[in-house]
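Chain lettering (A, B and C) follows the sequence in which the chains are written, and residue indices restart at 1 in each chain.
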Amino acid sequence: MSFDTNNADPVALVIAPASAKAGRRGGGLLWLLNGRLAVGLVILLVMGLGSFILPFFAPADPSLQATYMRNLPMSGVHWLGTNALGQDIFWFLVIAIKNSLMLGILVAVGVTIVATIVGLSAGYIGGMFERIVMLFVDTFITIPLLPILIILGALIRGNTSFFTVGLIIIIFGWAWDARTVRAMALSLREREFINMARFSGASTVDILAKEIFPYVSAYILVGFINTVLFAINTEATLAVIGLSKVEVPTLGSIIFWALSYNALFTGQYPWIVAPIIATVTLFLGLFLTSTGFNQAFAAKRGVS
Amino acid sequence: MIRLNDLKISYRIGGRTVDAVDGVTLIIPDNCVVGIAGESGSGKSTLMKAIYGDIQSPMSISRGSIEYGLTGSDGKPVTAENVRKEWFKTISYIPQSSMNSLNPVIRIREQFIDFPGTDSNKKRVLERARAYIGKLGLPPEAMDSYPHQLSGGMRQRMMIALATFFQPELIIADEPTTALDVVVQKDILMLLMELQEEMGNTILVVSHDMGVHYQVTQKMLIMYAGRVVEYGDTDSVFSDPQHAYTKMLIDSLPTIGDDSMRGVIASQAGGGGDRTFAVEPTLIEVKPGHFVAQPARQRQGELA
Amino acid sequence: MTLILKTEGLNKTYRLGGIVNAKQIQALNDVNITVESDKPVVIAIVGESGSGKTTLAKTLLRLETPTSGRAMVYDTVVAGRGAIPSKKDFLGLVQPIFQNPFEAFSRYRPVDIYLEETARRVAGMDGPQAEAAVEEALRSVGLKYEEVRGKYTAQFSGGELQRISVARALIPKPKLIVADEPVSMVDASRRMIIINLFKRLRDEAGRSFVYITHDLATAYYISDFIAVMNKGRVVEFGPARQVMSDPQHDYTRLLLSSIPTTTSRWRERRKVVAEPA
């Protein structure tokens, strides 16, 4: 039995693997959400919005000392009581979270921009340029951050502005991310679509921005959040040791003052415990968001 | 002989069910080299995995069964449940890329000895193994090397040695020569044919290269979209293909010395190509031993 | 007679290893090919992996620089000393087709963007001109612009992607297209669509091709000239029909005899009697 191939019904029965359909653009950004990411984002949203909006409702400038009676216990008026400096602990904490977050975000923006530019260009351009740049990067990586900061802090001893602290963290924090971005650019450089772009007339900047960047953007997002964590942590460490500008309310500085006044021993638990809980929660939020994104991207890559 | 009864292998991905193998009913005879031809997405590799017993989540056998008709090394019949125990003993697998199957940090002889042979004296197994690989054209020292020290062809011979050492009844070779140069390919294919004639077992050869099928196989089956489209003696399939898809595959092969226009059938049907076919799951015998899948009924009426 | 392709003493050596312990790999070893013709031609470079054919392609495409020697395409020196054209001129002379259709375009960009950019940047066209050029290029490979517009790599098959690659390569109207294993990752039945397309482009659009492949059968099918490479050297070169039917070099003979054909068997196969169902 043979039949006329010209008239055979060309009904498509080809079973294509999932990636061959238009699933990528469908469903908006829903693929991002998983449990972990949702919880992380909620925490960050609450703390972020809370710390930026609430200060408008503060009865007085929380950083001024001796505004209230000292060492008042928790009450309806002072939700967490007051500390040995006469400050309302709750409102001080709110401002502190705001400042820590702001610092973290600014530092992360600075680090990400520098690391991305340096890493992408070194990885893609290669040759002597790459070698010189990487020498630079590696030097910065090997410099241990904390001892330098401690030395600098000791020299400057609280006479630095808050801004300078942030700048210092950027200077010593960009190198590691730059190396990672460069590694990604290195592997992308050899892929065929890069050659295709070149033969389509793309310049080096075009290629870096339009071809390579989308592939590293997922990492950069995760890296950004991690850097926020890193910056807040570093500032807090400095503050606790007393090397940051401790008059400015940050999570670290609260703990510094609480320790200075021996809050643990004098039974002023809210003062020392509140910032710790706030810090842990903030870190948890950042961590969950970062790993949540990571998971979402990985799952998306697995499906598509 | 192996019987496949309406075998269906599916997996769930992103909420959909995809049938990689969609209702295959077949009898594979003993003492025969059977070729399985098909293109990407045809389901041929999945079918081999099912026969080999390597179907894991998220894939599963959603319908049908496999009857092996073989007796395991313990004297009991081989079934889909216990087939894994028989790996390298009654059933063997030659993979496409030997580099992915040989442990790169272990000398090859360790991988031979590791196998649970019937002989617990490791030294004796090694002696026999050395003699055996000599038969396959490998120097005895090859045993003591690391995989990367051998050429691609030698590694593939080693895989064949491992796969045939225990004289299995069934060998599945999944694109065994695709990664090799054409000269080495011929040697390996000749070796496989010799071994098969000596051992009198069944070899299933998966390949997308019709030339390989013509040279090596006695029976051939063509797969498309998870179904069997045609099955019969290799000579019969090549000289008198019945299904439109088979005809297209054969028509797509340019031959040296033949100046006729090729690829005509593939270019038919709208827009310059990527033609698709309709396939029903039932095979009907059109000539003795030569089966063809019935084409789907046309919307206008039935085909003659 | 136009000089379509000429390589003079082309050499390429790679250095593997560190500063102290290095190995030299001779990817191209004194490659001399001359092809002259009145009409556009398809020149096949055949060989196994490690033969140097891909290195030759990369050298012609200026993705690698030769260690010594030079290469000329249509009377223009493209590689080696005295390599003339600026990047822009070169892109208008030689365009590539690469092996892996799924890696040809970024996953994150719609594929037609590459065609549009080629039209604007390489061919120097403005908006409406570029659109028309893209439309025409796609039509010549059997695709419609509205079916391609705005879609991503994941939405096409391998064969379609290769055809889009060909369309893109055609836009600047290059004299030479260098195709590096253009069909080895395309399904066997769809290969001929692309191979026949090359034939048509040579005959109707006047484009010459350098066709790099390990598949002698397709090389025979469309080429006018064949160069057989082994270990960096050209062991045989000549008109395609002649080289394939009357090979002079042992290696060519070995290659030809190793191809699994569908016309004659290496070894007789015993007939298997079908078991009753």
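Observations on the model:
Everything below uses one rule, namely that a contact is a pair of C-beta atoms (placed from the backbone, for glycine too) under 8 Å apart; a residue touches a chain by one contact, two chains touch by 3 or more.
All of these numbers come straight from a predicted model, not from anything done at the bench.
When chain centres are defined as mean Cα coordinates, A lies farthest from chain C. Looking at contact counts per chain pair, the maximum sits at B-C.
One simple way to say how far apart two chains are is to compare their mean CA positions; for chain A and chain B this gives 51 Å.
A separation of 47 Å divides the Cα centre of chain A from that of chain C. Measuring from the averaged C-alpha position of chain B to that of chain C gives a distance of 31 Å. Touching of two or more other chains is recorded for no residue of chain B.
Of all residues in chain C, those that touch two or more other chains are 157.
By the touch criterion given at the top, residues 61, 63, 88, 91, 95-96, 98-100, 103-109, 114-115, 117-118, 120-122, 151-152, 154-157, 165, 168-169 of chain C touch chain A in their complex. Interface residues of chain B facing chain C in the complex, by the touch rule stated above, are 1, 27, 29, 31-33, 39-40, 181-183, 185-186, 189-190, 193, 197, 208-212, 214-219, 233-234, 238, 248-257, 261-263, 266-267, 271-274, 288-289. On the side of chain C, the complex with chain B involves touching residues 48-49, 141-144, 157-160, 163, 187-193, 195-196, 214, 216-218, 220-221, 244-245, 254-263, 265-267, 269-275, 277. Partner chain C is touched in their complex by these residues of chain A: 19-22, 24-25, 191-193, 195-197, 199-202, 210-211, 214-215, 304.
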